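The structure under discussion is supplied below as structure tokens; questions concerning it will follow.
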Amino acid sequence: MALLTNFYAFLFYFAAFVLVAGLTRKIIQYAVTPAPLKIPTTPAPTTRWGVVLRMVREVVLFESLFRGNKWTWIFGWTFHFGLFLVTLRHLRYFIEPVPFPIQLIQPFGIYGGIAMVIGLAGLWSRRFLVDRLRYISAPSDHLMLALLLGIGCTGLLMKFAFHVDVVEIKTFFQGLYRYDIQPLPADPLLLLHLLLVALLMIIFPFSKLLHAPGLFFSPTRNQVDNPREQRHLAPWAKRLEH
Amino acid sequence: MKRIVYREWRIPPQRYWSLIGYLAALIGIGALSFGYMEHEGHWVTGMSNSVVWGMPHVFAVFLIVSASGALNIASIGTVFKKPIYKPLGRLSGLLAVALLVGGLLILVTDLGRPERLIVAMTHYNFSSIFAWNIYLYTGFMAIVIAYLWSMADRQGAPFNYPIGVFALIWRLALTTGTGSIFGFLVARQAYDAAILGPMFVALSLAYGLAVFMLVLFFCFEEEGRSIGPRVLRRLRNLLALFVAVVLYFVLIYHLTNLYMAKKDAFEHWLLLGGGFYTFVFWVGWILVGNLVPLWILYHPALSEQRNWIIAACTLVILGGLAAMYVIIIGSQAFPLAMFPGHTILESGFNDGVQGAAASYWPSIPEVLLGIGGVALSLLIILVGVRVLQFLPESLADEVVAPDEEQLAEAVAVKPA
Amino acid sequence: MHRLHAPHNQPSGDESPAEAVATTRRALIGTAAGLGAAALVAPGVVLHTLSAQAETAPITNKSRWGLLIETDKCAEGCRACIEACDHEHGLDRQVPEGSPSKWEQQKAVWIRKVKLQDNQTGRITQLPLMCQHCEHPPCVDVCPTGASFKRADGIVMVDRHLCIGCRYCMMACPYKARSFIHHNTTGQLTAVPRGKGCVESCNLCVHRRDYGQDSTACADACAATGHHAILFGDLKDPESPIRRRMREIQNRQIREDLGLNTGVRYAGI
Amino acid sequence: MAKDTFAVPELTPYTEIPKIQPGVMAHSAPFKAKEEFQTPLGYPGELVEDWQQKAIAKMGELLGKYRSLRVYLDACVKCGACTDKCHYFLGTSDPKNMPVGRQDLMRKVYRRYFTLAGKLFPKLVGAVDLTEEVLNDWYSYYHQCSQCRRCSVFCPYGIDTAEISMAAREIMDSIGVGQKYCNEIIGKVYKVGNNLGLPGPALRDTLQGLEEDVYDATGVRVRYPIDEEGAEILLVTPSADFFAEPHIDGLIGYGKVFHEAGVSWTLSSYASEAANFGMFIGSYENMRRIALRIREAALQLKVKRIIFGECGHAWRVAYSFLNTLAGPWDFLDPRYPVPQHICEFTYDLIQQGKLTFDKSENDDKVITFHDSCNVARASRMGNVPGGQFEIPRAIIRATCNHFYDMDEDTIRDRTFCCGGGGGLLTDDLMELRVKGAKPRMDALNNVMQEKGVTHMAAICAICKTQFSKVLPYYGMEMDQVLSLHQLVSNAIVLTRRTADDDEAQDGLDDED
Amino acid sequence: FAYAKAAEIKRYVVDGSQAAGLPSCVEPTERMRRMHMEFIKHQRIATVHQGIRDTKYSLAGCVDCHVSYDAQHSPRPINQPDQFCGACHRYASVKLDCFDCHAAVPKGLDGDQASRADGLTQGGGR
């Protein structure tokens, strides 16, 4: 028992470290790489605020994807929105006291979980049914979906079929903050759920999941369309001028 | 074959976002009312143990009924194969979904325990017409979405007709079902009538079309797309026909009620002695909702003018709300006849002492909740036409299909 | 014969309080699994006792509970049955909200008194009116979730864990027997949970049924005033007092035309 | 012409998404640049020794220089939204012509050398070594991308395959694998001043001829000046405008507009080319070198404004990059944006009511408009987003009575490339050009059938050339494609009689 | 199922409640922590629909056993944030709306007793 608890405690310390360090490194890398030319996909907003709005629409509504492919949009959006709700619901394990909005969101988190799984199933089926997607899918693309689907299904099973001791789980995670390792209940589903989650955290900075931070750095989406008004010069390009 | 070109609604962003802003504000206010009613309990509304359904239901039933009627245009296009209505099919489907969503949301937010919605979706009592309606509504939504797909996606085209027929049947079932929510209430004198089902179908046709026309005119006007006189005339004639049918059903309904001795008292009350309800019935439902619009629509000069047609549509809608008020609230206010042949002298529970009607006065939160639902429907519509190709590029005479029965129509429908 | 009002907090059995506690302990430790005795002692405070055996098997349709109301016995100005019902179910703990006229319309009422005058003869009738426990209850037919239901023993009630507060049952009930709880509730009784947003009505004092008491609060109260206008009993048992009395006097259902076969019958209307 | 080596696709009422056919376009590759074309641009003449390391090193360098590349190679989730968006895929069915398929050619190499997952588990993430085979694929398929950016419109992260093909071409150039067509042309610009290699005297001849033609046709002396110091406006236009139908009709139109506006203007023989093929090969340095010629010409001729003629990618470089590459433009008149598009100029005059048109001159035509991809998705006109769609249409509406748009999904920012952009406008890629034009041809054919459209106007030299060439493959006439300013030219009513009037007028103008 | 050792687990049972002096809940405590909602939901169906008034999983039973008393010997509503149900549910952020309707203090089963119990506490229901 103690072994298991200690293993998971270590695993989560490690996973959190990889996630944070890896993401920070990637984000810094994106941020310091210059975009030497103005390449927003036009029509593009001509003001900073316009760009913020465009970005919000992309992040919240997946606007471009909506124009691109309705099926992918429906499934993809369902999945991400569900994931978002689930994440909010999960904050209850990590915050004490639980903030009021998180308390309110709790029941929606469950629907979010269901939506997420449906969305993932839809996305995965596209990878088999559409020849173009079959062609571009690497094993990692399938595994990523399997991983998330695995997390979602174990989670839902815990919610609906094999209840676990939520309070102990919370105590375990609260303990991690203080390096005070509390016992983790040894329910198999929970252990599987957590194992997969740790895996997800570890691969996050090394996989296509970088699309989440990537979107914010995409020059075609985050640039203001004002090249005639404002001269835009990358540091390395400036050096050419002399 | 000539293709109908559909285009996203491309009014200037400032204009668009300000429209969305207004609607969002109304929805926000509706949401606040919901929060207030939910937090305080229903005592803050005008509803009581006597009048258990109030303003929210007036709005909700109106929207639901219109939703079904709005789909009528699509049906005429695909099922009855009138090509001139074809370009309107998509908008008609969108409206059907949007109005239904708005209406259902009002119903849900008015529940005593809205958080138990999931219970309503997991526990069914199949002897309840209400439970069936849950199926009818969700099914309707799914069918209309499939219908829209069959109209918009080329792969769907072969299914267009069968889905259209199915949607038509479903739509009739839905309106009948909605009407039967009332029709099955044997206890209430106003409701216990088989004719309520068909009457609701008639109401739905008129209200759905009126809403449809207003939305269509508004969208086209804003963006400067053109609607030719032919389409205008066809829609106008259709509306006139539907309004006339409504009037006919109202007549039949009250005549049969009068004929049944049991319901004498109710009829007498509603048509003469019901005070406010009598007023709403005659002025709201009959005059504003039926007679004036009919007059406009059959008037040789006015009926040719777009603004007058718009006015007629608006009146039909107002009349529709009045009709719902009478049907839903009036019928509850009239006391239950528990002791035929007796007069109630005293009662501990407002049983209609001396035949008095129960009092009900709409409260502000209920009305705002209803308006919020309407705003939500409109928001869905405006977002829909903006992001997807719902609106035909033009309905000018030279673009739309020729009238298939021009001659016959001139004789049959055209006002003399 | 009809029993007079029995004080219902009177210990019914021969168990002494001490024994009761012991039994309970055992039950909770899991050996006797809570069968039978259910008397609990909260340390040093109140002695809770139950007056009868709690039901541990599902109720059956061997009985159908009902009431017989003899209107001519019902006295002008008397409200004993109403007060008893309110007290029994904690309705007297409702806190008025809104204007008095609104409160009149919105407060929960399970049983009320109605005074009628015959339009022809001018005869005045008084009667208590509550849920009629219809055999074919329209409220149950229309309830979308099945929250309104009829127990095997004929009691029509609302499972308030399922009720979504749609009020359709209220629309359907021909007797206006139901109330919607418009307000936040406080101070509910253990035996009668009730709360905002659900619909409720007379349930023939269902907890009394399940704890084996043999009458309803209203009937007991009426008897206590000496009027004996309300008689409770099993409509299926030909030898029950209620059936015997029904054979003796003419009685009918309110709105017999609807064919609901109510469990509450009235004599003298 | 080797018309028969491939089957021309059949036009269909709707452009269907084909089933994939891997490898069907692997054979398509442009001629490689010989040493003579490589060296002027600063590239090795042939495949260098340790090309793999060099290429990877170059890739590393570009990853550090271009955020676009860095983010795009990481971010793609293989959602597939772009897969059916590329006209080359729609026309050829080769899955490596799906934008993501094209990106993956580089991404798999990137993963192998630059990511942990690719280093550890190459199979899992589809990472491969940079082999000769891969390089061949690169050469072949990165020259089947017209850098039209249609894919970036639909990609949820805006991944722009054009950025990746530009980078790939630069990497290939840097190891000595260049494309003949682009590199030769860039060399010509350096040597002569324009893509076609038309020397100054030839240009002067042509322009003189034009003046006479216009005088003959209208009786008005419209001037087509070149190298005139002190003119207010420097017009920079694609060299095709001096040379071929229908381009030259556009140039005639610009002249008439300037004439009516009463402004003085000039062309430059030193910067006699608007196009900037440096962009196609992804070379910032070459792009900058070409752009700087415009700066020099502007300084030399002491102009106050710079206006660009009709050319798509030229306008992209001008609108989006010119300020970056050759700015700042503080010596020009600050009242005008630098640079302006000729359409902006014409549109402003129309707005001010300074031009008179006789629309009936264009009544023999029913027009549709082709949004050139680089204008539509990589630049703007006017001062509101989307001006690049509205301004040309407004000009058409002002000059023609009959105008219909093509299918909504094929215009504005969803427009289909003509099939010849991005440095692919060469005869060695004819099969690709014809097949890649299919989606546009489908849409055109539809409006021809349904609306009776007879002509398609365009505002890009490459589009016009490409269409003139490709239309006949689809059974249409090459002269169905028009310059936008050709319509202006046809309809404009010339009210000023002589050039002298102009000067007098100019004086007045300057005063108010 | 393998459960963590009971000894290692933080307990929510409130001092001064009847439960504090008892070794285990109506089911093994580990099981109760995971399954109590299933038990009482099941019980409520049995009670409401079938009239079974078994006290094993009765909500009233939970309250009786787990409720604690203040200095004046008044029972404290069990759903208060520092009481048995309330504390745990707040920690786990699980909404507990049972006590919207159900009495949160033991009041016995009829009105007269309830009045007496009420004399000892304010409010009660919530």
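Going in written order, the chains are labelled A, B, C, D and E, and every chain counts its residues from 1.
One rule holds in what follows: contacts are C-beta pairs under 8 Å (C-beta built on N, C-alpha and C of every residue); 3 or more make two chains touch, one makes a residue touch a chain.
Chain by chain, the UniProt names read as follows: A = Nitrate reductase; B = Molybdopterin oxidoreductase; C = 4Fe-4S dicluster domain-containing protein; D = (Fe-S)-binding protein.
Fair warning: this is a prediction, and the values are worked out from it, not measured in the lab.
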Contacts common to subunit D ((Fe-S)-binding protein) and subunit E (chain labels): A
Remotest chain, subunit B (Molybdopterin oxidoreductase) as reference, centres from CA atoms: D
Chain of greatest Cα-centre distance to subunit C: D
Approximate Å spacing (C-alpha centroids) for the pair subunit A (Nitrate reductase), subunit D ((Fe-S)-binding protein): 38
Rounded Å distance, subunit C centre to subunit D ((Fe-S)-binding protein) centre (Cα mean): 86
Cα-centroid distance, subunit B (Molybdopterin oxidoreductase) relative to subunit E, in whole angstrom: 49
Overlap residues in subunit B (Molybdopterin oxidoreductase), where contacts from two or more other chains coincide: 115
Shared-contact residues (touching 2 or more other chains) in subunit C: 184, 196, 198
Of all residues in subunit C, those that touch subunit E in their complex: 8-9, 25, 27-30, 33-35, 38, 40, 42-46, 48-50, 54-59, 87-90, 149, 151-153, 157, 159-161, 184-191, 193-196, 198, 206-207, 209-211
Residues of subunit B (Molybdopterin oxidoreductase) that touch subunit C when the two form their complex: 40-44, 47-50, 52-53, 107, 111-114, 116-117, 119-120, 123-125, 127-131, 133-134, 181, 184-188, 332, 336, 338-339, 341-351, 358-359
Touching residues on subunit D ((Fe-S)-binding protein), where the partner in the complex is subunit B (Molybdopterin oxidoreductase): 14, 407-408, 446, 450
Subunit A (Nitrate reductase)-facing residues of subunit D ((Fe-S)-binding protein), complex: 17, 19-20, 22, 63-68, 70-72, 74-85, 95, 98, 100-101, 104, 115-117, 123-126, 149, 152-160, 163, 284-285, 288, 319-324, 327-328, 337-339, 376-380, 383-386, 388-389, 413-414
For the subunit E and subunit C complex, residues of the former touching the latter: 16, 18, 22-27, 41, 44, 46-56, 60-61, 63-65, 67, 69, 73, 75, 100-103, 106-114, 116-118, 120, 123-126
